[in-house]
Amino acid sequence: MLTVIHNVLDKTEVAQFRAHLDKQAWQDGNQTAGGLAKQVKNNQQLADEQSEVAVSLGNHLLRILGNHPQFTAAALPEKIYPPRFNRYQKGETYGLHVDGAMMVIPNTNISLRSDLSATLFLTEPDEYEGGELSIALEFGTQEIKLAAGDMVVYPSSSLHQVKPIQSGVRTCAFFWVQSMVQRQEQRSLLYDLDQTIQTLTKSKVGQKELTKLSGVYYNLLRQWAQN
Amino acid sequence: MLTVIHNVLDKTEVAQFRAHLDKQAWQDGNQTAGGLAKQVKNNQQLADEQSEVAVSLGNHLLRILGNHPQFTAAALPEKIYPPRFNRYQKGETYGLHVDGAMMVIPNTNISLRSDLSATLFLTEPDEYEGGELSIALEFGTQEIKLAAGDMVVYPSSSLHQVKPIQSGVRTCAFFWVQSMVQRQEQRSLLYDLDQTIQTLTKSKVGQKELTKLSGVYYNLLRQWAQN
Amino acid sequence: MLTVIHNVLDKTEVAQFRAHLDKQAWQDGNQTAGGLAKQVKNNQQLADEQSEVAVSLGNHLLRILGNHPQFTAAALPEKIYPPRFNRYQKGETYGLHVDGAMMVIPNTNISLRSDLSATLFLTEPDEYEGGELSIALEFGTQEIKLAAGDMVVYPSSSLHQVKPIQSGVRTCAFFWVQSMVQRQEQRSLLYDLDQTIQTLTKSKVGQKELTKLSGVYYNLLRQWAQN
Amino acid sequence: MLTVIHNVLDKTEVAQFRAHLDKQAWQDGNQTAGGLAKQVKNNQQLADEQSEVAVSLGNHLLRILGNHPQFTAAALPEKIYPPRFNRYQKGETYGLHVDGAMMVIPNTNISLRSDLSATLFLTEPDEYEGGELSIALEFGTQEIKLAAGDMVVYPSSSLHQVKPIQSGVRTCAFFWVQSMVQRQEQRSLLYDLDQTIQTLTKSKVGQKELTKLSGVYYNLLRQWAQN
Amino acid sequence: MLTVIHNVLDKTEVAQFRAHLDKQAWQDGNQTAGGLAKQVKNNQQLADEQSEVAVSLGNHLLRILGNHPQFTAAALPEKIYPPRFNRYQKGETYGLHVDGAMMVIPNTNISLRSDLSATLFLTEPDEYEGGELSIALEFGTQEIKLAAGDMVVYPSSSLHQVKPIQSGVRTCAFFWVQSMVQRQEQRSLLYDLDQTIQTLTKSKVGQKELTKLSGVYYNLLRQWAQN
Amino acid sequence: MLTVIHNVLDKTEVAQFRAHLDKQAWQDGNQTAGGLAKQVKNNQQLADEQSEVAVSLGNHLLRILGNHPQFTAAALPEKIYPPRFNRYQKGETYGLHVDGAMMVIPNTNISLRSDLSATLFLTEPDEYEGGELSIALEFGTQEIKLAAGDMVVYPSSSLHQVKPIQSGVRTCAFFWVQSMVQRQEQRSLLYDLDQTIQTLTKSKVGQKELTKLSGVYYNLLRQWAQN
């Protein structure tokens, strides 16, 4: 799945996020990189990721996601890693990598399996050159650069990179999702079934058929959800 | 699995539950129904499901279930949704449906997969006409109407309904169970093996064979438990 | 699943089967029983199960099953054991047992996993007393005694028996099926989806929704078929 | 996976295939379509798909595929449906559909699960207008139109179509593959590991590490192959 | 897996553990045994397993394990049961058994599936006769008796025993691990891949190949982790 | 599993096998090795592996295996690769390797997944120095050198080697097995349950308990057999 969701934040919210983030102190993201990431990660992150401002912005975004039908239907989220923020300036990049599989949510002992990765853009495409999120998919490579407030959700298992910035600044929020349903092909199938049921509901199909199809949906989810 | 468990509550406890519940305020259950349920749900539920009385009755029931060998062996519970209460009066009904697959336990961020549904009857069969819990099983449909204090546990994946009440009142507790073992055929097999080991234990079979069979039981549970 | 299929053979075919079988030599079925079956099997089978007549009747039945939509949709057959015949007379019975899991088709090196068992009745219920096929299912026990030409298909994993004959003769064909889909709950779900798609096809739902639902059906079958 | 394999047939072989096929009789492909396909299939197929010429061309292609490293590494074929041929002329098309999941290989009782679909182009792109193979993938839709002799392999589970021909003739061979490994994400992972081992073999890594990596490859394949 | 890890505690820490534990009150371990264990368990455990000293020693050990690369790579721990302590004196033993599959961590409602069992020795082998930890593995039986501070990790599914003590005292810590990856053969494969990647990292293999292999590792873990 | 089976062939049969094999022409086994095996395989194999003598000896062994209860219970064979023969003389060896996962049975299009590898010794241990079959198992390495007529069955997934011969000749038969049950831990569990049922059958446990346990065995096999 590679899903683009538009207007997760509206332009006013984007401006507020930017105003807050621009006042924060930023540090070299390579300092906290481990293993192979040390060799490819060259960007900036908040000096204090647990500051009141950072946590508050993250929570605001979590509340929006919790009520977002398209995000919910596509990702079937079980757990969401608290959103974090990064920034790329001229010459900065994050080379080719696959996201780590298991993470511990900071200040808890809750672990999270990264099924999906998400990047929410907080700068407009014309504010910087380069900086495409480049994701190796089945047929060639997809390059993503979205309007501020838009978000892309993609498989954490894909080989991806952020290409070098030629000029300007690129600021984003990012997080990971553990889905109730681990396998992508099963999430896709549930998504198709969900969309079809919603269309049929509007088209006045008999209540009995809708009940049966909705039973199929719930029973597939029940069979596949690992919780 | 469709398991009837008798005397989960004795008649004194039933009377206490009823005395407490009858004093509570009830409201239209359709108000809180979502999606397809809106069209088929026509019953009453407590106006305040988090009241001290409601929570206390639920906890009392949870303590009983926690020490109930038959319930434990059949359901292998991993999580139990806090018991809730509903009431049907003349003309009320809950039409054919399959229970939703994933729920969030109120006031927590703990999600629960509904593998099994349970209904505990708090009114005697002769207190109301109609109101059978009708469950579509493999061969025809099973209609359930139990003595007060008795409970039925059945697969949440089944298509089921509460038939319209002709007269009287039907009061029940109900809840859902996420089992350690997701698949019904695996729970059945573990249940058969457990029962056989208990019978053999009494019949003075050699210690070595019991150790081996008990190892088979534990290792199957280990392989199947998703925890 | 416990499925009754009516009129697999019409009355003329039943009469032909009976005429042929009654002329064959029968022998004690216990002679070929192995393991635990030796202690519970007390019936008759054809003295020569590979005779031209026996094979020809079996093949006739296989051709009918191959074109039978209800049987195909419910069983999703991958392999069918060549049908065989048995006979019970006064005092004969087949005690409680579970069918063996793996079989080799005679005169081949093809193995078959028995997912489903089938019994086709060749005598009318009033031709014999007793002789019910008794199958332990989830809620109590189901007793089956069908009209000649009717067939029951049930899970080979169930504990079942043929009750003692009090009088008369009970002649049946029986066979096993390895399904493309091993798990019963998955076959049931596919069956529900198939039935719903067929109903919607008649009710003039949009082509696009039918295409999507049919894609869901095929992709579930593809994911589950072990072939 | 969506894999394009170039030069499966060289231009001489393509010419031979075309010379043979153009002499054959063709008929309306809709005649043999079943179910939903009846409403969307509008093309031509050989009047006699079991003719000596048709079988011989199919076998020639099978021999090439059997020795083709890229095809073998990507598809891990367990069974291949004997290649068939189709033709589209002005106005013809094959509307949106998902390929059926289970097929029986003609004149055998061998069934095949369609994991992958393949189309080998026998006409050059400039010989016809329209006629793109359009495949709905994760991010937008991919339109495929290859040089004669080239082949595309794609998931049978995808929603795909052949767009209407505006002019000219489009002739192709097509077939399905049941893979040793049913799930796409597992085949992809094995493919990545295989490619990495081959690169490391050339780069003079120690024999011990190659032995270990090759053990990982074989043991993953062993664990995933359903055979 | 049967992994011996040396020097989990150094000799100073061992002495501190022993000094603390020897001052505690011990009681008959059979008092808390349930089921079949009642007949084979004959050892001593702390009279107060939740005492400040006992909890503090357990936490000290947990901190060490949390930073131990060999333990982490081999066990891939998801949850660890708080370490406990036992003691065997002359004539005491723990007969053949398989560890129970599901446990609740004391004073929580967190359940843990015992994938791996661990015994950390706190007495030197020459301090007691007998007392071997005897584990039935695939080829004959393995007898384990380690230096103080060393630890063995073995599958909880194995049939194992502590042989009778002839003289002296044997004091140990023990605990269980629920792994992120339930199946032993999958953990072994990940361990082999991890070791190979680490060796290749030192041997200056190209960055691209390391990125690919590390992607294979993460994506296998992602696929297998049940979390 | 690492299972040694004694006296698969008796000494007379061994002598006959040897007499036949010693008369055959042998060639360098490296000639037919592919991939990594080319670098580690240094032994001899029959110049004509499809000769009448070679096939006849292989079939003789297959008949014995087909009726061998210990082999059948441990391996649960679904397919067996026709036995082949190899010979090692001074300096010859087969270096560390993991057996390939998928094979095609010669002169057929039947593929076989190698779950288990088997070596049947045709020379006595004192006829040669070195030549141990060395298998890396969970705890250290197992070295196998058996009497003529004895056989070892071990997981094809293990890293193994034949150590260099110092003097004499080592002649063996070898083959691979695809099991009905792919996972070793499931085969082990079925084996334990089978052995326990057989012991209980002799000890006059009630028929009902035996029927239930045998039902558990068959239903586990049914659930796990991929056929």
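Labels for the chains are A, B, C, D, E and F, by order of writing; each one numbers its residues from 1.
Note that in this section a residue touches a chain if its C-beta (ideal position, glycine included) is under 8 Å from a C-beta of that chain, and two chains touch if they have at least 3 such contacts.
Since the model is a prediction, treat every value here as computed from it, not as a measurement.
Listed here as common contacts of subunit E and subunit F: B, D. Subunit C and subunit D have Cα centroids lying 38 Å from one another.
Centroid to centroid, with C-alpha atoms defining each point, subunit B and subunit D lie 51 Å apart.
Residues of subunit A in contact with two or more other chains: 157, 185, 212, 215, 219, 223, 226.
Taken as a graph of touching chains, this assembly fits none of the simple shapes: it is neither a line, a ring, a star nor a complete graph. Chain pairs recorded as touching, per the definition above, are A-B, A-C, A-D, A-E, B-C, B-E, B-F, C-D, C-F, D-E, D-F, E-F. By the touch criterion stated above, subunit F contacts subunit C in their complex at residues 78, 180, 201, 207-208, 210-212, 214-215, 218-219, 221-223, 225-227. Contact residues on subunit F toward subunit D in their complex (touch as defined above): 35-36, 39-40, 96-102, 111-115, 156-157, 159, 178, 182, 226. Chain contact summary for the complex, subunit B toward subunit C: residues 1-2, 137-139, 142, 157, 183-185.
Listed in rising order, the residues of subunit F touching subunit B in the complex are 185-186, 189, 192-193, 195-196, 199-200, 203, 205-206, 209, 212-213, 215-216, 219-220, 223.
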